[in-house]
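Next come the structures, one after another.
You will see two complexes here that share subunit A, one where it goes with subunit B and one where it goes with subunit C.
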Partner chain A sequence: MEMNLIKVVPEFIMLGTAFLLLVIELFIARGSRKFFGVIGILGAIATGISLLYQETGSALGGLFIQDQVAIYFKALFVLCAVLVLYITMMYEDKIKHWKGEFYSLILFSIAGMMLLASSSDFISFYVSLEFVAVCLYVLAAFTSENRNTIEAGLKYLITGALASGFLVYGISFIYGSTGATGFSAVATALKTAPGSGFLVLGLSLAIIGLTFKISSIPFHVWSPDVYQGAPTPVTALLAAASKGAGFVVIMRILFTALGGIKAEWMVFVAVISGATLIFGNLAAMPQKDLKRLIAYAGIGSAGYLLMAVAAGSTLGAGAIMFYMLTYIFGILGSFLAIVIFHNSEGSDLIDSYAGLSRRSPLLAFSLFVGLLSVAGFPPLGGFIAKLYIFAAAVKEGLWVLAVIGVVMAIVSMYYFLLVVKSIYLRPPHNTAPIHVDFTSRAVLYVVNFATIFLGMYPGPVTDWVMDIAKVLF
Partner chain B sequence: MEQIFFYIFSILAIISAVMVVSVRNAVHSAFYLIVCFLQVAAIFILLRAPFLAAVQVFVYVGAVMVLFLFAVMVLDIGKEQFKEHLHTQAIPAIVTVIALFATMGYLVSQGRITVPLGKFTEEALSKNTEVIGKSLFTQYIFPFEVVSLLLLIALVGAIVLVLKEKKGKQA
Partner chain C sequence: MEGFPVLSALILSPLIAVIILLFVKEERIGLIRAISVVSTSICLILSFYLLWAYDKVKGGYQFIEKVEWIKSLGVSYHLGVDGISVAMVVLTSIVIFTGVFVSWVGVKHRIKEHYIFLLLLVAGVFGVFESLDLICFFLFYELAVIPMYPLIGIWGSANREYATMKLTLYLSFGALFALLGLLSIYFVSGAQTGVYTFDMLEIAKLSFDGSYQIKVFLPLLFGFGVLVPLAPFHSWSPIGHAAAPSAVSMLHAGVLMKLGAYGIIRAMWLLPQGAQFWMPWVAVLSLINIFYGGMVAMSRKDMKFMIGYSSSSHMGYVLLGLATVNYIGVNGAVLLMFAHGIMTALAFSLIGFIYDQAHTRMMYDFSGLAKKLPFVSIAFAIMGFASSGLPGLANFVAELMVFIGAFKDYPIQAIVAVFGIIVTATYMLRCLRDVFFREPQDKWDHIKDATTFVERMPFVILIAVLLVVGFYPAIIVDIINTGVVPLVDRVNAVPLG
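Let's turn to the complex of A and B:
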């Protein structure tokens, strides 16, 4: 029985910062809470530094595993935390009550995702998943003066509870047919006893339950309404971090625990992936609201990532990890631009973005780079990530899926280019320039640079993720 | 003998669970849920897990359901608010349920659960609570602590969503 608490230090720092904010909130008067964001960002940076000193191993009686993949995803979540906290500082004036708790809950949810990335047992995984989910349920309904937000929160809660039911039911069958809850113990059990029908049933139900977290078919319905109705920083958190958390557990369950019966889940995941790709991208085309468009595009992205899951190889796992990195930069850069634009114009409609390039070239450029990277336009980061995913799918013989993916990538370029056309080519409704303050400029420059750099010179990062992806198998 | 009791309890549990979702009145629905929970508690006793059975009764039947009933009565959800809203989903739902039942029935008839049963020591029977407590605070400390965080967040969330800040707080 080994506790090995040193391995949990990054989570402790994150949780400690969250608690600190909850307590400070009690002692200060009403008013702005911008410095909460600064404290949170400092806490996240401290977490990031402590991650650099982490060594691999297991802790807390073997239910917590610190491998390279966990550390990589934790670093991604810390990056999300920094950017989302910054977006929250920009957004803060729209939150009327409980501003301090808003910052604190964001940190709690990130800490939960970090725990999720390290879970190596169905019990700790499920409990961490619910912890993240409860934080996000509250955050999605946070500005409850707004009708849309209440609707978003309720939809998120109800579909989340239903998906959670599927997941637990599935896990109970997996436990019933292998007699183990630890991921590596399940893998060992499968080596001696081949999978039974109950195992396949449990596996299918668990995958269906997990599709809620990554917003793919069949649990995708919540995402457009929630993305549109929830406060924008929460949308950013859901789009970037929550999706990453969903994929790290899918990889651990399918690759590590159930890798022995790949033949049983490969087709199932491939079908979900294909349906998600087609639905997400086609439904994104007629959208008028940019947040809603990003929600449908996010469903499409889940389809691409599931394609890499279906491939079930080291190449696929590495592709997922690289895709999440480029996705985080692309999507969070876009959301920062959206929040700044919304502060000035009070609208998220694509129509209102007309002529943005003449009013604020930097915002226009950030949306251009961010959205086209998500669409997979060369030479941006997202293009390389999609290329790796297609390569992984083709290598495993998933030709049909790869063709669907390529066609849908072209569709996604179409609807993102419509936004870009509105931004660059249409005449503005109003010619007043939009002011972007100095720090926001700096953040946008860094994020855009990262997206372009990952597209131009991906070599070191991709070599690295392909190398660490091996630990999953 | 045990099998007969198991079938009695589980059939009652299933019937009451179906009633929970099919009756119109929210209070009746809550009572059926209590019946269902009690049957599950009885099954736990058959499985030699008296602590779980007691927790099931205390926490679910005692605390959670009383809270449910309170909420239902305070909110005064009458029958009329439970009109059919889900006409369009009835047929797909029935198809899914039948498909799931058919799959389960087929799998049960195949009878392929061949996994050895869990470790069942004498200690687990005679000192049930002690064994559970020990493993909660040693092997399962990670999920246990995460659950405590979850409860804290649920508390904060409930306050944040429902209570509006008092105007009297200093500006």
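Let's turn to the complex of A and C:
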């Protein structure tokens, strides 16, 4: 039972930065907190650097595992932290109270997600999950002057609590039938004793509970209202980082702990995936609000990622890891453009984006690249990710799911092209150019470049990801 | 030019022009046009070099370039051309070269963006015809499809937003569906050899189980069939033609529609027994294309719609030719792809020329244009004759070959298909009569004929190609034949059990 605290250093740096911000907040007068964002970004970068020096192994008496997959996802969360903090700096003027706490809560939630990525036991997994959830409950309802935001916060809290109930109930059944809480211990127990009916029940309940985090059917209802109502940086955090955290634990539980009974969950996950794909994409079509549209599209993306989970292979796991990377760049680039546009125009309606290409070519191009990458247009990163997912599904013979996926990919092209149509084809309502400051320009250029680069030359990243995905099995 | 990467240069020439154009100010129209002309001239020169340097005795795939791209998936940037691809590359570079001049006259606003999208599209098309890797093929294909969306949406005419959405979705759907089939081939071939690769040359070395080939040929046939467009999935095509600006219609009908047929040719090559099983069905469906397309074309009043439907009708002959799976039929089909590409490009450029001045394309609005527009009228008449398959023009040779080929195995289909020519002649001649002959009207006094060099050049080039190939088809058939012979041999090698 050694503690091996050196393995937890990246999390400590992230938490330390969050606490530091809370302490600084005590000593300074009200006013702008933009420099909190800078401190947070520096903390995140320090975390990222410390990740480079991490070696694999376990810590905290076996509750915590530091493997390549954990490090990869932690790096993704650090990336999210940097971009979300930057988006928050752009958004800050709309937050009236407790600006400092907003920044530190984001860092806390990221630290929680990093712990989640490393959890190797149902206990540490559940504690980290709730740690993240509590931060996000507060963040979703942060600008409480706005009725929509209160609604968002409340919905998120109630569905979240219900989903947690499912999850804990499911975990208790799994514990009951295997007698272990550690993921690898469960896997070992399954080798000797075949799965019982209670195990399958526990497994189903746990999967249903986890669908809350990734906003897939049956716990998807919160996401459109929360995406629309929550402050945009929180929406970005939910869309990118929180979804990634959900998938890393799904992979650990299904692939590592319950890999032995793949036959029991494969069909179940495939059905959830198909239903999620169909619902998310069809419901996205009539949306008028861009944030809401992205929420429904996010449900659709969860469907694609679940398709890779259903495949239950190294190829599927690698596909999820690569998809999350492209998704983070695509979606966070879009959200930065949305925040800048909202600062200038005060609207998120798709119609208000009309003629954006004439008013700010860079914002238009960022939305174009970001959204089409999520839709899976080549030669952008999102396409390669979807290609891997389809490949994983076809390899396992999930033909029905693959065909649903193809049809829904076309549906998603339709609604994303509606946005592109508004941006590029429609005449502007007002011709005044939209100003984008120098740093935001630089960030947008980098994000767009990354999305295009991942599409044009994905080889090094995908090869690496496929290699490290093996540790999950 | 030994060792010079001709095929990459063909793709890069328009792409480099795009990058240069991004840095040119929008006001400098002359410079923008000059850059586009230079880049497409380079393509034209390179493609004629291919035509000349391709070793017809050796045959097979030549000018091969290969660079590893995504190792874990077995994807590489792999280019190479056989006789069929060379013909298609030549077609593409002729159409884009003339298309740039047609846009010079026709496009009046957002000129820089127009050329950027046009050149991106062309780079994609070259890529498709040159790819020997299935994923490369797909990526280049989408690179050709995506620019269509803004090209039709911004510079198109009536109903453009609906048309462009429909077209983009249909084309992507077909391609994604085909991709599923390709992925299946990838895994099955990988399981056979242990080496997972998207390399067409490697996959073509294997022989799959007959029943598997029959199963997996279907998604490929359906996916590429949507792009051809095979009835009943053709509705995106005429409406897309009609809404697109002239240069885009030229490329769309002239080249993009050929991508589907080209895809089917590649699928036949990869899955010979699947092709044996399904091609008789294609022969039947092709008749629906020929007649349904022709009948609808006859009923259209809008000239662009008429040509649009006539294109799906002509693609029916191409499919019939492919379905014969004998030397002369398939040669005819590929030659028809070439001839039809040139002929429709001419048709759309002429209609665009008239539309830009008259702002209508309805046949009943016009009469007696021949007196005002002698040059355009003659060009239009030649186009009409080519389309109806008159001897002396390229289409005649191609259609004749298709019919001869079809008579061997599908005599009934061939006899029926011959009557399609009468349908074509009916609407083409009627259009010629209504628009160009009879009494001239005063309201069209302001329309001017094509007089300047820039206006006339595209028409002259396209007509010249039609005539040259019509009188001396060997210039292109010889090279097509080097690609067709191994294809046909491979398909017929193992009879279906």
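In the analysis below, the second predicted complex is superposed on the first by the 473 of 473 C-alpha atoms of A that agree within 3 Å, B and C clash if a C-alpha of one lies under 4 Å from a C-alpha of the other, contacts with A are read in each partner's own complex, and residues count from 1 in each chain.
Criterion: contacts are C-beta pairs under 8 Å (C-beta built on N, C-alpha and C of every residue); 3 or more make two chains touch, one makes a residue touch a chain.
Only a predicted model underlies this, so the values are computations on that prediction, with no experimental measurement involved.
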Open item on the list: Which partner chains sit in contact with A:G459 here, subunit B, subunit C, both or neither? Use first/second/both/neither.
Closed with: second
Inset, instruction - Pick one for A:A46: touches subunit B only (first), subunit C only (second), both, or neither. - result: neither
Discussion item. I'd like to know which partner A:V271 touches here: subunit B for first, subunit C for second, both or neither.
Written reply: neither
Next on the checklist: Just to be sure I read the superposition right, which of the two partners does A:L387 touch: subunit B = first, subunit C = second, or both, or neither?
Outcome noted: second
Regarding the shared-chain residue A:G61, is it in contact with subunit B (first), subunit C (second), both, or neither? first
Requested in this report: Tell me which partner A:L20 touches in the superposition: subunit B (first), subunit C (second), both or neither.
Outcome: neither
With the two structures laid over each other on chain A, which partner does A:K421 touch: subunit B (first), subunit C (second), both, or neither?
-> second
Subunit A contact set shared between subunit B and subunit C covers none
Listed in rising order, subunit C residues that touch subunit A in their complex are 68-73, 135, 138-139, 142-143, 146, 149-150, 153-154, 161, 165, 168-169, 172-173, 176-177, 179-180, 183-184, 186-187
Residue set of subunit B touching subunit A in the complex reads 103-104, 106-107, 110, 112-118, 138-143, 146-147, 149-150, 153-154, 156-157, 160-161, 164-165, 169-171
Contacts from subunit A onto subunit B in the complex sit at residues 1, 3, 15, 22, 29-31, 60-61, 63-64, 97-98, 101, 104-105, 108, 112, 115, 123-124, 126-128, 130-131, 134-135, 137-138, 141-142, 144, 153, 176-179, 189, 193, 196-198, 201
In their shared complex, subunit C is touched by residues of subunit A numbered 318, 377-379, 383-384, 387-388, 390-391, 394-395, 399, 402-403, 406-407, 409-410, 413-414, 417, 420-421, 424-425, 457-459, 462-463, 466-467
